[in-house]
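Going by the order they are written in, the chains are A, B, C, D and E; count residues from 1 in each one.
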Amino acid sequence: SEPDEGGNSDSDGEGTSEEAAEGGELVIANQSDVVSMDPAGSNDTPSSNVQANIFETLVTLDENMELQPGLATEWEAVEDNVWEFKLRDDVTFHDGSEFNAEVVKANIERILDEDVASQRYFLYEMVEDIEVVDDYTVRFTTEYPFAPFPAHIAHNGGGMTSLEVIEADYEAMENGEEPGSYINENPIGTGFFKFDSWNSGSEVRLVKNEDYWGEPAHLDSVVFKVVSEANTRVAELETGDSHIIDPLGPSNMAQVENSEGIHVAPQESVSVSYIGFNVEKEPFDDPNVRQAINMAIDKSQIIDGIYEGVGIPAVGPLAPAVYGYDEDAPGLEYDLEEAKQLLADAGYEDGFSTTLWTNDTQERIDAATNVQAQLQELNIDVEVEVLEWGTYLERTAQGDHDMFVLGWSTVTGDADYGLYPLFHSENIGEPGNRSFLQDEELDEMLEAARREGDEETRLQLYSDIQAKLTELAPMLYLHHQEFLLGVNDNVQGLTQSPTGILQLHDVSLNQ
Amino acid sequence: MIQFIIRRILQTIPVLIGVSILVFSMMHLVPGDPAQVIAGEGAPQEQIENIRERLGLNDPLPTQYLNYVTSAVQGDLGTSMRSGRDVSAEIGARFWVTVELAIYSTILAVFLGLIAGIISATRKYTAIDTTIMIVALFGLSMPNFWLGLMLIQWFAIGIDLPSWVPFFNNTAWFSPSGWGSFSQIVLPVITLGTGSAAIIARMTRSSMLDVIGSDYIRTARAKGVKEQIVIYRHALKNALIPIVTVVGLQFGGLLGGAVLTESVFAVNGMGKLIIDSIQARDFPVVQGTVLVASLLFILVNLIVDVAYRFLNKRIDLD
Amino acid sequence: MTGAPNPSYDNILEIKNLQTSFFTKDLEVKAVDGVSFNIPKGKVLGVVGESGSGKSITSLSILRLIEEPGKIKGGEILFKGENLLDKSEAQMRKIRGNEISMIFQEPMTSLNPTFTVGQQISESFRIHEGLGKKEAKKKSIEMLKLVGIPSPEKRINQYPFELSGGMRQRVMIAIALACNPDLLIADEPTTALDVTIQAQILDLMKELQEKLDMGILLITHDLGVVAETCDYVAVMYCGKVVEFTDKKTLFTEPKHPYTVGLMQSVPQHDQDVDGDLAVIRGSVPSPADMPQGCRFAPRCPFATDLCRNKLPDLETDEEGNQIRCWIYSDEWDGDPEVNVHEQSKSTS
Amino acid sequence: MNNQKVLLKVDDLKQYFPIKGGFFGRTVNHVKAVDDISFEVYEGETLSIVGESGCGKSTTGRAVLRLDEPTDGKVEFDGTNILELNKKEMNKFRKDMQIIFQDPYASINPRHTVRQILTEAMEIQNAVPKHERNDRVKELMETVGLGAHQIDRHPHEFSGGQRQRIGIARALSVDPKLIIADEAVSALDVSIQAQVINLLKKLQREFKLTYLFISHDLGVVRHISDRIIVMYLGKVVEIADKKSLFTNNMHPYTKALLSAIPSTDLEAKKERITLKGDVPSPIDPPEGCRFHTRCPFATDICRTKVPELRNTEGMKDGHRAACHHMEAIRSGEHQPTVNA
Amino acid sequence: MSRSNEHIEKPEIAVKQPNPRLKSWKSVFNKLKKNKSAVVGGILIILLIIIALIGPYLTPYDPLYDQDVTNKLATPSSDHWFGTDNFGRDIFSRVIQGTGLTLMIGFFSILLGATAGVFLGIIAGYYGKRIDSIIMRFMDILLAFPSILLALTIVTVLGGSMVNVVIAVAVSSVPIFARIVRGSTLSVKKLEYIDAMRALGASDSRIIFKHILPNITSPIIVQATLSIATAILSAAGLSFLGLGAQPPTPEWGAMLSDGRNYLYNAPHVALFPGLAIVVAVLAFNMLGDGLRDAFDPKTRE
């Protein structure tokens, strides 16, 4: 069948629901299992994908990466560094308890609690104080003016858990349990689906929340099952054992397209894949070399060869869907002659030898291999080294590498999160700046942009930053991925956000 | 006999201590910081530090080890660093799946391997013998994932053959994933059993050849016993003794080697758990699974030894 | 009773010109090369001869148990007048263990180590007499009692390794005798045993043989055993019978130089012999280069050109003894007065 | 005889093999394979050990060579107690004490040629300087009656008798003083057996060898020995010079043993003493005289008291037997019980 | 002590002899020649070695860097005999290029694993008792141990070189050999010729290496030839840890794994390296069967 573009475009489910059948169980095959049901206890897409249906956030991001009201009806910056949110007053949790400002305060404070050591801490590290103004008004004071705050609040990490389970969880912690152990078993949110069961490593099942404050979901239940092998996921889709497979490997696209009753659903994403240079090491300490490499790579080869033509070449680190992306930002076009010239200018006309590290993800290995082949043209002799994930993270954080392949997903949809962790000198090493880039000017620009309250000025700042990053070229920006889903034709009303989260509220199944 | 079993069970204690020390030190030796894997990209330094503190990773190693062993002895294998779930529960859910998978595959492997081996041995140096050897070596050289995916293609998705082909034109007989029902079990069991079947076949062949030449087989023939009975009753029981060792070794291998099969067929077993948790540097889960796997392995070896004794009462276990 | 048994006598087994060869990669080993002898009903025939002379292969040929790469090439094996070589495999199975039984040389390796003694004895009953499990067991116990094993009810559940060598051999005999065979082949049944046990077993065999009126083919290299148990003796050398006589003749006046040498090289336990033992010089020829004449010629002190060039036939003398030696033929070209006994002693 | 030089002296030798059991593999019992035996071997003589299978003949031989460490006792060779030597010192002593095994095939490494086998033996003991080894190998081959042309053959290319000669050549290659022949001719065909026995005797004459000859074939023993030890269930029951043993034996077991030998003499009428029952287990041997369970002459005293080896009236010097009733049996006073 | 020990070391050899060792090797070789399966196996292996040695100079395309994305996943044709992979690289050239490396990994890891396993197994079997318990329990641990963790440790400690992948694969095969060898040793050490050597005063090491080892080669050869397949596959399985062949090295096992993504639309990507492995394994097994017979002195020359 043809890829169902319609499923993506008419996103605001309201329209399609009339003719869609009610009920049924939707089966989604995922690559990995949920790590935790606790919104504060995980930071991975599979977990977020499940949690997004159980827990809701004050603000939500729609598929165009625009902020929409969620549990909060409105929000504003009352001061430079104080954000106020007005909450809905008609929301109850799955356990019947009420949703109010106290709950919000408890949830965010829990993430900031050192003892909990939440994986979502990075989202709210700038929060200094949370004030319950009244039952349905809450104020966040940040250390410094922080413009993208609503985007951070919209992140799944800000999913609201019932106060009762938070308290129960703390109690359990006092009895020596790990943080989150209670919430993990009792994930109580306000979402349109309720938690039903979790068979660790195998599947999670959610059932419809009949008492949802908004319009209830069409489906009776959703099952997220784990099928880690890509080919098997395709088989699942073909046999009808699963309705949706997430992700679909590019190499399997043809197979899905050629089969009846199923189709491929692509979705552009907020992520970038890149090859980072260790700018502290020779010869990558020379921007000319970095630029030369940027210009020597024909990115379409990678997109065609590895991703079957899916995705778009990256000009800079920000994907088009990210707030702050400047489509006019200058880039380094593929130009082998120029590249050679630059290299010669840097004194490497005869090339050099270096290494390129990657972890064991097949696409990254392939990308590395392709870049290796392409750099032969510049007489750059690249040795590809595959490292196991844990080792890879630690060693690249230590700066043992020359070049490395990695990706970044701007999960908040805001340019700040797409740039600050990757390029600010404060984040060198482990936190994200594995290029070891230290540029005072860039630092200042990044800081200014995140504090700037005025949208226009802020966007301008990000344009400047993107131009600057092209010049600095701390990375070879490869491409912006497109998410691929394999979907059964019976599935109606499915959308996926550019952060990878499936929007299931409006989904229905044709029986 | 009972004494022997009890003694062997007691002997597992030092083995388990050895295993735990080894796993523990290896996990700490290899680079990769669980705190960082958990925190993920973009997490600020101080937060990684918090996680480290929470997980007790800042204690000196001997303290960490002692803490672990102290609670492990009390039956508490700790909680997963990654998910915060109880390690025993995590393993418990998967344990039987893996054991079942290994047992069924072993049964299949033994069945196929024995038959092929016996046919090979009784028709030594004939075309059949050579064919079986080549098929066996194919089975051995075929990686699990390959065979698994092929089987899925053929017998779960089904292949399109002309409609006049009887029986095989719609071969979507089995389920591609999961574990539980018959249709889910068939393909992974075949996938996992094939390699071992090949080894068992080769072993059976040489073992049968040794036995068939022995005096007591001639005695049986001299009694007027039918050839089939001579082979399957008199010869096989003796030939089984070396085969049992191989089966034991294979079964142990299946426990670990199941990883690929488990992930191809989305079988939620221990093999995958080990790999995932090693990659996540989830120390307690790794230690727990390795201990359980070792225990299982020791148990299998014990069963093998008891089976020896059962097959040949002469073998002196002490 | 002198002389070899007359072939027309009521024979249980008659072998005529049996030939069995092994076809190895590059040559044919004629393990049994034209063997003929016969066993009268209820009599014991001893077969003696150098190791490798084809004794065991002859006995296996009778039961048609020769395995690859061996093959019975020719001859006749008449059992109760019918040629076994014409029987189908299914017919042979009915005969094996039922009408003809065999006791193998090594009691330990000839019993299946993984089955109990009882299982192994009852198998015969179950195959040939179609008995049920219980009855077969009962009869097995009787068999064990018959061969003189104390408390057979207990022994029946034991494994071969739990029994002593003597007991194992008795179990083998019990298996062999289970279905009252008409012919028992015993291939060196006591070689592995020490003398006291050997005596027990031989006594037992004789007793049973008389009771059941069996014919026995007893292969041994112990001439003492022959003297005590056999009625007739066949001496084999290199796949051929060289002398076939009654026992008395063999011990009092052996004719073939090989037989003579054999008798003389036995150390005597009942008299002191000083000096060296008599030996047969040289060694058995290898199957690769068999002498073209008499097989024993290269080692024979009397060999003449005739012996070396032409193979003698097995001739029957006036007393009915058969001998394969030129010395006793009319063609003999050597010293006509030759005394085989005296001469060979002096040459040793 | 007594004025001859004692080459080997065995005193109170015990060899118990432990039987493991229990939770921790403790030793729960012992096979008392050799239980307290003493004897001497004089230089240049042949002393034979005979007895039923499993009575401890081989174990004695192995213990003397320390192939198994004896449990207790003393083994003096040329005046030195070799049981006190450490491994290295012992290995030096091994040059003087060699063994020929029963199974000519199992006792030779099937993968080595005769040359390798013999050279290696010389190499281990350094018995012959390197450059002389080749000549010595040839000389040995001639000595044992194998042609030098057979020197590069593998054991399987030889007949049983020839293989046994290889074993003998290997034993001789280090110029030993004592050779223990453990059933060295039992596996052979009579005609080959005769060749080997003759060879052993010839070598003894030429090289003044001393043999400890283990066998259960009394014909062979009678032919080759000077003196004979009869063992039963780990004990010596009778020890005598050859003549006394065959003509004037005192112990009921010896008598039974000799009577069981099948004779080629068709005329000789003899009374065979058939022993009842099987040999008892050496794990818990019978109390008192170990033979009493099968002895037709056994009385109460036999069941309780262990008989000593002793010499009585009518026995030659050096002839000793261990039976409570030997005088009475000899005089005919004591008759066997009925069901013998 | 009739002969003195004085002139022990005189190096000159009196008579020139054909080297007996050479002769025994010759005899092994002669027997091998008569064994059909060994001849076929041997020829295959020689062929593979030739391919490994000169093949890389004759490949029609550059197996490493000759990427041509426009012609990716092409099915076998006269231009590309085995088709092309997802980068448009010529699979035929890559299979050829990978021969040497793959064979070396398979062969050397088993050689190393077998050597260590045989050594440990013989020691355990020969000395018995406590040494045996300790060694065998240690082997139990090794067997029960996840090989990925072992491999990971090896990369950490030794780095990710080619040699170390051999070590990693070897380590996991050690216990299997140890077990098999121990069993055989237990039976061989009871044979009389071992006693004969001890009676001659031979040292333990002489007995172990000159007399026990040569007599237990048959199960070792069987296991070793069977293990080569497993070794090649597990070496490939480790490459994601950074152990073993790094891209774009065309090691067969890794090529086979890479092909998994294209099993549906381009099965040839995995097929050819897979077949290459089968051929190599078959060759080693056939030669192994022949070797086992040839080392047995009982079979006729």
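The rule is short, and it goes like this: a residue touches a chain if its C-beta (ideal position, glycine included) is under 8 Å from a C-beta of that chain, and two chains touch if they have at least 3 such contacts.
None of these values were measured; they are calculated from a predicted model.
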| Among all the other chains, which ones are in touch with both chain B and chain D? | C, E
| said: From the centre of chain D, which other chain's Cα mean sits the farthest off? | reply: A
| said: Roughly how far is chain D from chain E, centre to centre by C-alpha average, rounded to an integer in Å? | reply: 48
| query | How many angstrom between the C-alpha centroids of chain E and chain C? | reply | 50
| query | Per the centroid of Cα atoms for each chain, what is the distance between chain A and chain D, given in Å? | reply | 87
| field | Intercentroid distance (Cα basis), chain B paired with chain A, Å | value | 37
| said: I need the residues of chain D touching at least two other chains; which ones are they? | reply: none
| query | Can you list the residues of chain C that touch 2 or more other chains? | reply | none
| So which bits of chain B are touching at least two other chains? | 30-31, 145, 149, 153, 278
| request: Flag every residue of chain E that touches chain D in the complex, lowest number first. | output: 1-3, 5, 7-15, 17, 20, 23-24, 191-193, 195-203, 206, 210-211, 214-215, 295, 297-298
| remark: Seen from chain C, its contact residues with chain D in the complex are 50-52, 150, 164-167, 193-200, 202-203, 221-228, 247-248, 251-252, 261-263, 265-270, 272-273, 276-280, 283-284
| request: Give every residue of chain D touching chain C within the complex, in rising order. | output: 52-54, 159-162, 189-195, 197-198, 201-202, 216-224, 242-243, 246, 256-258, 260-266, 268, 272, 274-275, 277-279
| Which part of chain E faces chain B closely enough to touch in the complex? | 133, 137-138, 140-141, 143-150, 152-153, 155-157, 176, 179-180, 183, 222, 226, 229-230, 232-233, 236-237, 253, 256-257, 260, 263-264, 270, 274, 277-278, 281-282, 285
| field | Interface residues, chain A side, partner chain B - complex | value | 29, 35-36, 38, 41-44, 114-119, 121-122, 125, 177-181, 184, 199-202, 225-229, 231-232, 235-236, 238-239, 241, 388-391, 393-395, 397, 408, 417, 421, 427, 430-432
